[in-house]
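You will see chain A twice below: alongside chain B first, and alongside chain C after that.
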Partner chain A sequence: MTTVTTGTGFVLWLTGLEGGSAAGLVHTLEAGLRERGHRVEVLDFDEAREHLGQGLGYSRAERDTIAVRMGWVAGKLAEHGVAVLVPVVSSRQALDRVRDSIPTFVEILVEGAAEPGPATDVIVAADDGGTEVPARRVLVALELRGLTGPDGGDDGYSSAEEDAVAAHLRDLGYLE
Partner chain B sequence: VTVTSNQARRQGRRVALIGLDCATPELLFERFAEDMPTLSALRARSLWGPLESTAPPNSIPAWPCMLSGRTPGELGVYGFRNRTDRSYDGIRFSTSKAIGVPRLWDLLGSAGLDSIVLGVPQTYPPSPVRGCMVSCFLTPGTGAQFTFPAALRDEVQQVTGGYMLDVTDFRSDDKDRVAQQVFDMTEQRFALARHLATTRPWDLLAMVDMGPDRLHHGFWRHYDPEHPRHEPGNRWTTLFRDYYRALDRHLAGLLEALPDDTDVVVASDHGAQPMLGGFCVNEWLVQEGLLVLTQPPSRPTPIAKAGVDWSRTLVWGDGGHYARLFLNVEGREPLGAVPVREYETVRQHLIDRLEALPDHQGRPMGTRVLRPEELYPEVRGVAPDLIVYVGNLRWRAVGSLGLGRGLYTFDNDTGPDDANHAQQGVFMLAGDGLAAGRRDDLSIYDVAPTLQSLFNLPRQQGQRGRVLT
Partner chain C sequence: MRLLQRTRIATRPARPRVFVLGLDGTPCSYLRAETAAGRLPNLAALFREGGPVPMRSSLPSVSSTAWTTFCTGRDPGGHGVFGFTDLRPDSHDLFFPNSGDVAAPAIWDLLARTGRRSVALNIPGTYPARPVQGALVAGFVAPSIERAVHPPALLPRLRTLGYRIDLDTRAARESFEWLEEDLFATLDRRVAALRMLLTDVDWDLFVAVFTETDRLYHFLWNAMEAGEPRVVDLFHRFHHELDRLVGWLMNALPAGTHLVSLSDHGFAAERAAVYVNAWLRERGYLAFEVDRPVGLSTISPASTVFSLDPGRLYVNRAGRRPRGGVGPDQVPAVLERLLADLADLRDPSTGELAYTAAVVREDAYHGARAPLGPDVILTLKPGYDLKASVKAGQVFGQPEQGLGGMHADDDAYLYVGGAAMREGPHGLEDLAPTIADLLGVELDGLQGRSVLAASPAGTPA
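The block that comes next holds the complex of A and B.
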C-alpha cells in the first residue's frame, strides 16, 4: 500500500552541510522516505548549477540565485506529492525566500559532523518557527508534522492553535 | 493557430462555486427572493432547489462531503472535533489533513486545471493546489500560514486591509459590532474572490462565505416573529433583510467580473431554523443512571472536566447542534462498562428513551436518534455510537453539567445561539446548455460528481451522488 496521497509533498532544505558530510544524512533520509512509500527527489547543487546556473559564478549572491531557483523547482515537485531533499549551502535570505514560497517547507540545520546517529547534532526547524527536535529523530519529526506515515499524521494544530480554535468555536456556541 | 491545451481544458468549462454557509431555502427562495434580484434572476435560469445535507448537517462534515462526494463515515469526520482513539480525552479538531480523499480542486489539479479555493471549511492548514488557496474559518489566526502559496498571504492582507477569517467574539453583547463584522466579512470575502478571479488563471473558483451562518446564529430571534424569544419592534428587525440585500449586491459585483461562459453554482451546506432551547443531554444520562460522576459539579462544567467515574459509566455525550453519544464498551474503552453482548440492547434503550422524551411543557419533542452504520455505507475513524437530533434539530444539545436548571435550559450562557441547523440547504446551477427548473430531490452528494462532469472528470471510485446535468 502506498502512503503517498494528494498534498503530501514537501521540501526538506538541508543547510549547514559541508561537502561529503551531507551524503550520509541525505541517503538516510532518502531511504527512509522511500520506505514509507514517498516519491523522493534529491536536488544536487552541482547538477543544478549546470542546468539552472549557467553563466553564474561562485560568489555568495550567485550561489543564492541558484539556491532560489532550486527552491522553485523543489516547490513545484512538492506540489505534485514528491518529497524533495535539497542539501545546499545558502544564505539566510535565500532560505527565507524559498521558505515563504513553499507551505510544506522544513528546514534541517546540520551542525557539526553530519553522519546520522546518536551523536549527530542536527536540528529540524519547523517552517512555522515551532519546536526544534534532535536530528536522529528527523523522520519521527516528519511523522509528527503529518508529512509522512500511513495515516497522514497529526491533526495539524499545535496546542496553542487548538486553544485558539476552541475559544473561537466556544464564542460561536459550537463547543461547550 | 494550433491549440495544444489538454483534453480536459479544451472540452471542459469554467465553474464558479459560490458557497453561502447556512443559506436556507425558505429565506433565499421565498422570504427574501424579491430583495435579491441578482440571485433570483440567476435562479430563473438555474437547476435549483433545496439541497439535502449530510447527517449531521454541520459545516464540518458537510463542506468536505459536498466537495469530495463522500459521506462523513467514509471521511471519518463527524463534526468540528472527533475522537482520535478510544481514550476518554483523545479529541482533536478537524483539519485538512483528516481528508484522505481528493476534493474537487485536487482532481482538477491532476487534470492540469487551475483552482482558486477561498474560505472553504476544513482547508486549514492549506494544502498545495494547482492555483491558490486561502484557508477557512478554523484557521487559528492570520498569524498562521493560511494561504497557498505562502506569498499570497501578503497580497490577501493588502487587498482586504486585514483579512477576516471569521466574526470574532461572537458571544459579545455588543451586537452592533457583531452585526458590522458580519456585513464587513461578506463584503470582504466577495471582494477578495473578485480580486483573485481577475488576477490569475482559473477553471474552478470555489469560495465560501460564513456570513449567513453568523447572521442566523446571532440574530434569528430578532428577525423571526416565530422565534420563542422574539421581541416585536426590536432594533434588529430588518437586519436580515438588509444583509440579504447587501449580499445580493456583492453577488452581482462578483458575477459581473466573471467571464461570460462561467457556469455558476450557489450552494449551502445546511439550512437554519429557530432554536427553541437547550436540552442537557449529559444531565439526562446522569438522571438515567447511565453516566456516573465522582462528584456533581456545582457550576457549569464541560463533560471533559466533570469528574466521570468511568468504571461505572455506560454512556456519555458531546454537545452542540446535535449530540453524539459514546458507549463505554468493555474491551474497547479503557474502563469499559458495557459488555459487548449488551451493546445493541443499550443503544436500543437509549433510542427508545430519547425519542419518547417530551419537551419542557410535556409535549412530544420529535427527537431522532441515528445509528452511524445505518447512515453511512462505511464508518471510519472513531464514530459516535449514536447521533441525536434533539427535537429534530430544533433544540440544542447541551453537553455541560452543573447548570442547575434541570434538563431544559433557555439561558444564553449555555445556548448562545438563536438558530440551530436544518437539514436542507440550497443549490442552484446555471450554465449555457444546462437544464433549468426546480428539483426537490437534490442531495449534497450530487454536487461533486455534477461539477466533475462539467470538467469531463470521471466519477471517483466510491463517490456518492448523481450527475444532475
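The block that comes next holds the complex of A and C.
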C-alpha cells in the first residue's frame, strides 16, 4: 500500500515576469509559505536551462521546451508535498500544457513591475483564468482550496452568479 | 539434446479501479421495492451479491453538504460546508458556499499524489471547477459552464454533446410536460458525456452523479406516493433509463473495476413546511428591528437564537457578529432552555414532534471548522420540511406549490461491488476511505472508516 499524507504540495507558476523584477514577489511568496510550514522550492529558469536545456537556444519554441520540462519537475516535487514557485516567461500553449499535467497548479499572471517588497501592487489571475485578484490574496486563495490550511478568505460567486444560485435554490424550495 | 524451455507467462492483473454511480436523493427503500417488483432488472442483478444497504446522510442532508462529505471523507466540521447557505463572517448576511469554501482536499486531490487520475462528473458543490489530475465537470449549482469544466479543452466537446448541468428547474416546477421532456434530455446528454469521459480520459476513480433523480423527487414525490398514474408511469420510465445505464456499465467498465453506487440522502413526501424562525420568534428567542424582515441582516441584538435552512440553530453570540448579543457565559443557559423548549415544536394537528432529534454541535461535527457550525441541528422527520424563512408568520404551513418532496436523512443507499461490507451504520464520510481501500491506497486525515469487511483479496473480473 502507498501511504499518503494530506500535506498537499502545489505549483505557483508566475508568468509575465521579466528578469529580476520577479525577485521581490517570489521572495515574499516563498517567505509566506515557509512561515506556514511548507517545504518550498524555487525553480530558476537560468539554472534550469543549464540542467534541463542543454543544446537549446533562445527562440520561443526552445524557451517553451525548457518551461515544460520545468513544469514536469515542479509537478513531481508537488506530488511529494513541496510548494514550488516557478517564475518563468512562457507561451500560453506551454503554460496550458503544464497546467493540464499538474492538479495543484496555480497561475499567477503578474502585470506591471513587481518590485521587491510587499506583494500588494501586482495583479494576478486565479488559476481558472477568469478572475483577477491582488497578489496578497494568492495565499488566501490557496488556503480556500485546502492546500495550505483551514483559514480561508472570500472566493465566492460573483454577484450575478449569486443571483442565479439563489434563483435555482428558490426553484427547489431551499430559499424563499 | 535440446531442451525446450517452457516459459510461464504471468498475466498481469488488471489494475484496480473504482467507478462510483451516484443517484442523488434515491431512497434505499424505493430502490429495494422497485428491484423486488422486477422493474429494475440490471440493478437487481447487481444487488444479488449484496445490497443495497441503508446509509445515513450528512447533517444537514442537503446535496452540497452531503456530496462534499462524500468527496472529502470528513463531516462538515472537517470540510466547512454546512448548507447551501451560510452567513458571511462578521455579519448576518447570507452567502452561497462553493468549491472555494471547501476546507479539505477532495479524494481526487489525494489520489493525484499517488499518481492516480480521477474523473468527477456532475458532483454537486464542485463549482467552480478546480484543477484535477484527470477531468472535472462541476454539478449544480453552477451558473456558468465555462467555469464548471477542467481541463478547459473539454468545454467545446461538452458543448458539441449539448451537455447541460441541470434542468430548467423553474419551468420544470410549473409544467409536467416540460419536466418530463427536460428530465430525459438532460439524462441523455449526461450519459453521452459519461461515455465520452469513460473512454477518452485515463482514470483510476470515476465518479458520475445523476441529479435528475433529485429533481423528479422534489417536484413529484407526493404525487408518486399518491399513485397519480402519469407520475407513477414517469417514475417507472425514468428509473428504467437509469437501469439501462447500469446494464451498459456492467459490460463497459474495464476489468478490475469495482462498481460502487450510492445516494446522498433519501426522499419523503412533504406534508407541512415548518418555519423554525417563526417558532423562535413566538418563543422569544428571535426579534427583528423592522416589522417585515426579509432576511437575518436586520436581526435585533437582543435575539438569542436564529435558524438557517434546514433546522440549523445558532446561538446569536456576541463578538462573532455585530448584531450578536449572547455573551460566552450565557451560552450554556440559552442552549439548555432551547433544547428543553424544542420538545414543544410539535404539529398542532397531531401533537407529533416536527423533527426526529436535536443534535448538539459537539456530537455532530468534528474538525477545525466545527466551531463555525450550528449549535444545534434538527434531524428531519419525513413529512415536515424545516424552513428558515423569516417572512412566515405561522410556524406550520402548507408545502410550497409544485414541491411535493423533501429530503430524508437516513434512507440513502450504498452498494459496493466486488467486496464484502462490514456491519453498519455507514455514512457518507466512509466513502473516501472505502474508495482508497478498493484502490489499495492508504489516505491519512480522513474521518470516515472504510465500509469493507476486509481489504479486497483481488479485483473483480
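We adopt the following convention: the second predicted complex is superposed on the first by the 125 of 176 C-alpha atoms of A that agree within 3 Å, B and C clash if a C-alpha of one lies under 4 Å from a C-alpha of the other, contacts with A are read in each partner's own complex, and residues count from 1 in each chain.
In this section, a contact is a pair of C-beta atoms (placed from the backbone, for glycine too) under 8 Å apart; a residue touches a chain by one contact, two chains touch by 3 or more.
For clarity, every value in this text was computed on a predicted model and none was experimentally measured.
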> Who does A:G173 touch here: chain B (first), chain C (second), both, or neither?
Replying inline: both
>> Between chain B and chain C, which one contacts more residues of chain A in the superposed model?
In response: C
>> Per the definitions at the top, what is the overlap between the chain A residues touching chain B and those touching chain C?
In response: 5-6, 9, 79, 99-100, 102-104, 127-128, 146, 152, 155-157, 160-162, 164-166, 168-169, 171-176
> So in the complex, which bits of chain C are touching chain A?
Replying inline: 62, 80, 84-85, 95-98, 100-105, 108-110, 112-115, 128-134, 140-141, 143-144, 146-147, 151-153, 166, 169-170, 172-173, 215, 218, 309-310, 368-369, 385, 387, 389, 391, 400, 403, 440-445
> Which of the residues in chain A come into contact with chain B in the complex?
Replying inline: 5-7, 9, 75, 78-79, 99-104, 127-128, 146, 152-157, 160-162, 164-166, 168-176
>> Help me check something: in the complex, which residues belonging to chain B touch chain A?
In response: 80-81, 84, 92-98, 100, 102, 106, 110, 124-130, 137-138, 140-141, 144-145, 148-151, 166, 168-171, 214, 217, 302-303, 319-321, 396, 398-400, 415-417
> Touching chain C in the complex: which residues of chain A?
Replying inline: 1-6, 8-9, 79-81, 96, 99-100, 102-105, 127-130, 141, 144-147, 150, 152, 155-157, 160-162, 164-169, 171-176
